[in-house]
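What follows is a single structure, and I will ask about it in a moment.
In order of appearance the chains are A, B, C and D, and numbering begins at 1 in each one.
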Amino acid sequence: MTDTIQMALVQIDEYGPWTVTPAPRRETDLQSLQAELFAELSSFVGERDGYAFYGRFDNMVAVTNGRDPESHRAFQRRVRNRYPVTVSVGVGRATTPVDALGAATEELQAAGSAQADDRREVFGVAERDLPAEARERVTVAHFDVVDATGSLTDRVNAADATLAVRRATLELATHLREAHDSVAHFVGGDNVIAVCPDLDAAAFDEAITHVREASDIELQVGVGRGPTAHAAGDDAKEALEVCRETGTRIRGVDRVAADD
Amino acid sequence: MTDTIQMALVQIDEYGPWTVTPAPRRETDLQSLQAELFAELSSFVGERDGYAFYGRFDNMVAVTNGRDPESHRAFQRRVRNRYPVTVSVGVGRATTPVDALGAATEELQAAGSAQADDRREVFGVAERDLPAEARERVTVAHFDVVDATGSLTDRVNAADATLAVRRATLELATHLREAHDSVAHFVGGDNVIAVCPDLDAAAFDEAITHVREASDIELQVGVGRGPTAHAAGDDAKEALEVCRETGTRIRGVDRVAADD
Amino acid sequence: MTDTIQMALVQIDEYGPWTVTPAPRRETDLQSLQAELFAELSSFVGERDGYAFYGRFDNMVAVTNGRDPESHRAFQRRVRNRYPVTVSVGVGRATTPVDALGAATEELQAAGSAQADDRREVFGVAERDLPAEARERVTVAHFDVVDATGSLTDRVNAADATLAVRRATLELATHLREAHDSVAHFVGGDNVIAVCPDLDAAAFDEAITHVREASDIELQVGVGRGPTAHAAGDDAKEALEVCRETGTRIRGVDRVAADD
Amino acid sequence: MTDTIQMALVQIDEYGPWTVTPAPRRETDLQSLQAELFAELSSFVGERDGYAFYGRFDNMVAVTNGRDPESHRAFQRRVRNRYPVTVSVGVGRATTPVDALGAATEELQAAGSAQADDRREVFGVAERDLPAEARERVTVAHFDVVDATGSLTDRVNAADATLAVRRATLELATHLREAHDSVAHFVGGDNVIAVCPDLDAAAFDEAITHVREASDIELQVGVGRGPTAHAAGDDAKEALEVCRETGTRIRGVDRVAADD
């Protein structure tokens, strides 16, 4: 059976114009607002066993497998009642994260420009190429840098540590997007989380090799699968713990595959 | 006279171990916590006319020109009283942002590992190569992508829009670090803010050209200078508004230079 | 059929000692922490169609009709992962709010003192005198002061406006507790929300009369009933709007009663 | 020399209408919003060594001795940039807290009704009866209930514990307002903080006696004086710790008086 993945795109309405109207707003206030809004989304989605990524902050992303698309309207309500901005939400379902996010994106794009002043609180749901036989299931891969503390945090300039992790993140995310229609995102420290279709160990090995060659950074990865991002991600985190303890580079794929 | 820049490195103490003790903590809770902590830092620093960047979240960065280094201890107190983690803070002063951040980093590294369980709430201040004649002044360059809404947000898959902006950010940040000892950071949407020494228009032109060639993304930039990041950044934002309205790619450098 | 009401008592563990260890913590940090914690509870409970009251802040109260008591553990987890304190939670079910809260209170008291350093994250559920035939239903009465803006906010010293509203709140809450085993709480502005068993219009009329006589403040009230606090409370708010528009003092009781 | 006290009244603009437009907003969202707004005020004021009280939430109060009244505009800006509402601020200076708050209140009342849709972000500063020779100094009295944990929290229904503390708070606040033009506010747990003119030990003894007679609750109090609420309040908290340890009912008054 094919896995179905549900992703949501949360877009702040008319945010660019708002940040400079009537005059450019204080940068640190904008930074705080964006961070609070993401913390809110992450809490909201987390309560529903999903995962959220900050994306570009004005365009945030969530994996909400297993939840009624209509339930996302509650997030629109919370934002309207708690923040000086409103958000539009597109929800997409497909067999890959990129297609799901593409379907979600198109729902918003079809409704008008992100900066149009008459496009507010759009809500749309779309499916793309869903086969008749499909189950709600997502694969989460949780990567981190091998010995990041010893090789980066405790050793180099913080500016360079950040650049190194960002380089590895970007090479990984670009590779996974191109090779496997997956969405990967930096989640803090030296951690990157990827939402993927049902990839095997060879695919993750290839990804790690690609990052090593492109950025000279060595990653390890724990992989989990489950009906929700939280279920899959928790397994991935535990698998990553095993990597940390044993020195293995990839854990969780075979075990899970065997279980199915 | 040479400009002096003051930067702070805020590092969560023993964060890696905490996130997996006694068992891996829920990912969305960690994401919310990190975002709240950054919102707190941005508010705190903003009240003091500085700028903050989320960095790697467990290692955040602030530009705090003009403020007594001791005042950063108040942030340590706030975190201790409001969050389940504590932070160490290094403050560095130098003639470039990278050197200032380097001095700050070394203060923390000298005190022990970021994951050592006996290293908590370290506070250190250091200077590096400060000339006798120096003034507190910083240059802020506020970049964004030309027509990001039309070319990215309203047109491509959100996954690809994010990757494009991240690619441009990384190429820009890497170039500015290598060529000018500057620190650049993504700040949401299609915006990147760089903290720099006293660069001229040619340096910004070169940076924009570099990003265009490396990532095929066209940036524009507003530049400001001032005694604090907020003062410089506000001028930079206004200059960027002029770019948006007039189609100029670089604004603010000459005018400011002429004013001095 | 008798109504069953479910209430939760959320108690910060060992909070008194924490606020003065190792030295008295900064008062404004404590105030912020408490307010954030209540905002968190209100969001959490609100997502589940309940209502939350800040109580004494270190002891907060929620109406969580219709929710599995076990689901409250998710709130304990959130606090543990996001705040410097932990909470214990007692959940009680009974035919009146005071009995439900009493059952919840006893679960915590039986586990040890609120200030015992070995009593952390207690979780207990209890029922009290539940009849065989019962349904999950709660009555919410939403009171406010008639023309508070004109008679208080726009007219008297803010110190006296606050005292007047607090006097009315306390007289109302004391009366409803003694006469009807109900729990009433100030919720901001000039609003008081009471959670009650299935009271009739005469009971609310008597309450309003009592407050007028004891404090010389004139209240009006909208009443709603439903399976959850949110459902009942929304009806109550709409009924109160009718009071405001029509000058009626009590709305919502008969209609609802007639509907059943 | 006479003490001068500076108080600020922070009033949400047109809040009543906003909460029911276009339809009554979800109660738990309003509760969260109000609590976040107060947490923000408390942080803001705390950074400036002041104290904040939540008052009626839509009308909050702060003691901001020693700060330029103009600095309160920064709070207006933060709210405008971070919340769906705006606030008006009145700042008053006088020789008693009630007069200072009265002067602040009148600034807002003179500008129009709190619910007028054309009255937004008012800012006003006023003095009342300031003598020629005056110094910025405030007296803070921090009260709590003797053995609240043993007699209330660990022993009675949470509903009754809350009512008991609220009764004691109201009797205390009413007495201090009438007898000494002071402003007292519940601050969580069993704590009440009063901002006062330069009262002596007999005044506090009388207040405690009044509460005991009116509500049968025994209070103790630590008193501090200083140029800011934080300075005075920290001394008060330490003095209260001495009460807790030694069983004294009033501490801090004589010592401070003797020091002057």
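Assume contacts are C-beta pairs under 8 Å (C-beta built on N, C-alpha and C of every residue); 3 or more make two chains touch, one makes a residue touch a chain.
The structure presented is a predicted model; accordingly, all values stated were derived computationally and were not measured.
Novice: Smallest number of touch links from subunit A to reach subunit D?
Specialist: Step count on the best path from subunit A to subunit D: 1.
Novice: How many degrees of rotation bring the Cα atoms of subunit B onto the matching Cα atoms of subunit D, given to the nearest 5?
Specialist: 180
Novice: Looking at C-alpha means, what's the farthest chain from subunit D?
Specialist: Of all chains, A has its centre farthest from that of subunit D.
Novice: If you tally contacting C-beta pairs, which comes out ahead, B-C or A-C? Let me know.
Specialist: It is B-C, judged by the count of C-beta pairs in contact.
Novice: Is the contact between subunit C and subunit D built from the same residue numbers on each copy (over half shared) or from different ones (under half shared)?
Specialist: same
Novice: Can you check how far apart subunit A and subunit C are, centre to centre, with Cα atoms defining each centre and the answer in Å?
Specialist: Roughly 38 Å separates the two chain centres.
Novice: Distance from the CA centroid of subunit C to that of subunit D, rounded to the nearest Å?
Specialist: 23
Novice: Mind checking the centre-to-centre distance between subunit B and subunit C? Centres are C-alpha means, answer in whole Å.
Specialist: Between these chains, centre-to-centre, one finds 44 Å.
Novice: On subunit C, where are the residues touching two or more other chains?
Specialist: 26, 29-30, 32-33, 36, 43, 78
Novice: How would one label the connectivity among the chains shown: line, ring, star, complete, or other?
Specialist: complete
Novice: Note which residues of subunit A are touching subunit C in the complex, please.
Specialist: The contact residues of subunit A facing subunit C are 43-44, 47, 74, 78.
Novice: In their shared complex, at which residues does subunit C touch subunit D?
Specialist: 9, 11, 15-16, 20, 24, 26-36, 38-39, 42-43, 45-46, 50-52, 54-59, 61, 97-98, 101-102, 104-105, 109, 113-115, 149-150, 153-163, 165-167, 169-170, 173-174, 177, 183, 187-190, 193, 230, 233-234, 237-238, 241
Novice: Name, in rising order, each residue of subunit A that touches subunit D in their complex.
Specialist: Interface residues on the subunit A side: 25-26, 29-30, 32-33, 36, 77-78, 80-84.
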